Amino acid sequence: MLHTVNKSSSEKSTLVSCLRLAADDADILLIEDAVYAAMTGTQTESIIQSALARYQIYVLEPDLECRGLDKSRLISGVKAVGYDGFVELSVKNSAVHSWL
Amino acid sequence: MDSLKKRIMYVNRRAPYGTVYALEALDVVLAGAVFEQEVSVVFLDDGVYQLRRGQNPAVLNMKDFSKTFGALPDFDVMYLYVDEESLVQRGMTARDLIEVPREDDTDAVTLISSTDLSSLMDQQDVVLQF
Amino acid sequence: MKFNILVNEGPYTHQASDSAYQFAKAAVNAGHEVIRVFFYHDGVYNANRLSAPSVDDRDVVNQWVRFADEYEIDLAVCVTASLKRGILSDQSALRYGKNVDNIEKKFQVAGVGYFIEGSIIADRTIVFGD
Amino acid sequence: MKFNILVNEGPYTHQASDSAYQFAKAAVNAGHEVIRVFFYHDGVYNANRLSAPSVDDRDVVNQWVRFADEYEIDLAVCVTASLKRGILSDQSALRYGKNVDNIEKKFQVAGVGYFIEGSIIADRTIVFGD
Amino acid sequence: MLHTVNKSSSEKSTLVSCLRLAADDADILLIEDAVYAAMTGTQTESIIQSALARYQIYVLEPDLECRGLDKSRLISGVKAVGYDGFVELSVKNSAVHSWL
Amino acid sequence: MDSLKKRIMYVNRRAPYGTVYALEALDVVLAGAVFEQEVSVVFLDDGVYQLRRGQNPAVLNMKDFSKTFGALPDFDVMYLYVDEESLVQRGMTARDLIEVPREDDTDAVTLISSTDLSSLMDQQDVVLQF
């Protein structure tokens, strides 16, 4: 399953909730204000670090670029994808669960 | 199980009244029932507050939709899964929740462990949050 | 592959409608079919044809209309959600004694069951919200 | 004491408008004066006179109108916020080439500076939002 | 100053942020979905417990009643007030800061 | 200090683009400037992201309002206070922020400790979050 999260992990608990219930080997895609969580040095970095052991984690590149976030500062292991990649992930997985 | 049926899960994660999502999500469950799919309704995180006993929104001139959950078994929704961990985190137990009697008088409100909920979620064809 | 898309928030206030639009465009560009875009909750405001954004900003309502025209996409707003928020078709306006309507004609008005039907027909359902 | 109130969210979706209304009523009942209620962001949707809520629910738009009538309260919506969201006075409709308007006449259209002016004149400013 | 908080402390970080910056002896009023934080037994109970040492904490009673929350289960020291009390707190304090 | 002036503080706590609050809050600051009060603008929590360098919302067809912060000194807003703790929590330093030059070429963007911010906040006549 592909899980998407769209809220900042420093403001809302959505990401934590998603990671608590997403099954092993799920794909997680961070979009909109959730993309900040993919950056190194944030207080919530450890959440993503430990999640990388169980999930493949992606971040939506246009949302990074929009917000002035540099791909070179992504947490190692997080993959940046465009909207075409978002569509591919939706096709590859049998369902998409948007956490709101 | 009819293999043509889709497994649709509604995931309620928001408290009632502060926003309208809980109320309008319930409208979707009711409207969707006509398609006779394999439906489950889940209450997770602050969503468990939707099932809390003794709600009285009339005090704020708002609509009490908590009573509508009682109609779900008539719409072939036989399980209202409540994430047990979410309940515990909020200092609540099953006794704090409304009852939703099925035709045979058993309660459709069912506690579920996070592990079981995680598996159930993973088997769905469609998962909807609002 | 067939995609069914739900938009739960109005234009400008949340990014949901923009994200849904970008996703729908990318899906079509990759050769997929977007069978339906359904607007629920505040999403119904995306169908307000009276929207007049400033010239240096995108026109979210018009963006959807042009997209639907170009790729023959079915745009639908929920009737219940739109009535209380005052997004009215000419028929609703007549029925509720309002002297004008404000819905962009490219959007059809439907019950929310129409969205659930979409999720049964489509291969994938994607929700964009708050 | 003079109160200046800001409402940042539309009716039904968030409790903000209900809370602001309850507060304003309580202030007036306690002998205070509500000099102005200003609607900003999605709050401008509170002025949509096409809103047609179901009969078993409160009518948020009408609630404000009756309150303003009874206590001669000044209701104002932000012109910029309302234009992009399609909440138009007859003058705006004319100016932007829309054939109809949809604003409830009891609400005046003003710049957001009018709210700041209110916060200078009033003894207290209270914000209700998401 | 009177600070109001309207979001659930289990979903959003608003309450924590408010308590980090509100000056000593401020009044804090929980309204709307923030009223759950005033109940005993929740995971965030300690946030309110320690805040009570610095602030007077109030909760809006109609929002409690609306949600089926019983005043007898309020954290000890939290005071329930009606909208009339909300107005009085706004008058008593020189300004109101709504945390959104 | 003119004792008739009110001390008005704008507190920005939200990230840009995901929602419109940041953009529309800036509109209020600009519109309010005409009243010549004692204004301060604060960036707190995710609000510090509003000042991040290198924003490029054009990639999503959205409006880049981060450039508008540069106009604030012309509107007599001489301090854009950035809560240092919020920056640190986000792995950022002053170097990640845009510069807002005053007439004398010094930077209006000023880091502030939580303690100082707390005191400054407590002295305000009006505090506005959107």
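For reference, chains read A, B, C, D, E and F in written order, and residue numbers begin at 1 within each chain.
Assume a residue touches a chain if its C-beta (ideal position, glycine included) is under 8 Å from a C-beta of that chain, and two chains touch if they have at least 3 such contacts.
As the structure is a prediction and not an experimental result, all values here were calculated from the model.
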- [ ] Could you tell me which chains make contact with chain B and chain D both?
- [x] C, E
Task: Identity of the chain that, by mean CA position, is farthest from chain C - done: E
TODO: Have a look at where chain C meets chain D and say same if over half of the interface residue numbers show up on both copies, different if under half do.
DONE: same
Task: Separation of mean Cα positions, chain C and chain A [Å, integer] - done: 26
Task: Gap in Å, rounded to a whole number, between the CA centres of chain E and chain A - done: 33
TODO: Measure off the straight-line distance from the CA centroid of chain B to the CA centroid of chain E, and report it in whole Å.
DONE: 28
TODO: For chain A and chain D, let me know how many angstrom lie between their CA-based centres, rounded off.
DONE: 38
TODO: Quick one: which residues in chain B touch 2 or more of the other chains?
DONE: 17-20, 45, 60, 62, 126, 129-130
Task: Two or more partner chains touched - positions in chain A - done: 6, 10-11, 13, 32-33, 62, 95-96, 98, 100
Open item on the list: Where in chain D do residues touch two or more of the other chains?
Closed with: 8, 12-13, 15, 22, 41, 57, 80, 125, 127, 129
- [ ] State which pairs of chains touch, listing all of them.
- [x] A-B, A-C, A-E, A-F, B-C, B-D, B-E, C-D, C-F, D-E, D-F, E-F
Task: Residues of chain D that touch chain F when the two form their complex - done: 6, 8, 40-41, 80-81, 111-113, 115-117, 119-120, 125, 127, 129
- [ ] Provide the residue numbers of chain B that touch chain C in the complex, in ascending order.
- [x] 6, 8, 20-21, 24, 27-28, 31-32, 34-35, 37, 126, 128-130
Task: Complex interface listing, chain A residues touching chain E - done: 10-13
Task: Residues of chain C defined as touching chain F within the complex - done: 12-15, 18, 22, 56-58
Open item on the list: Show me the residue ranges of chain F that touch chain C in the complex, using the header's touch definition.
Closed with: 17-20, 60-63
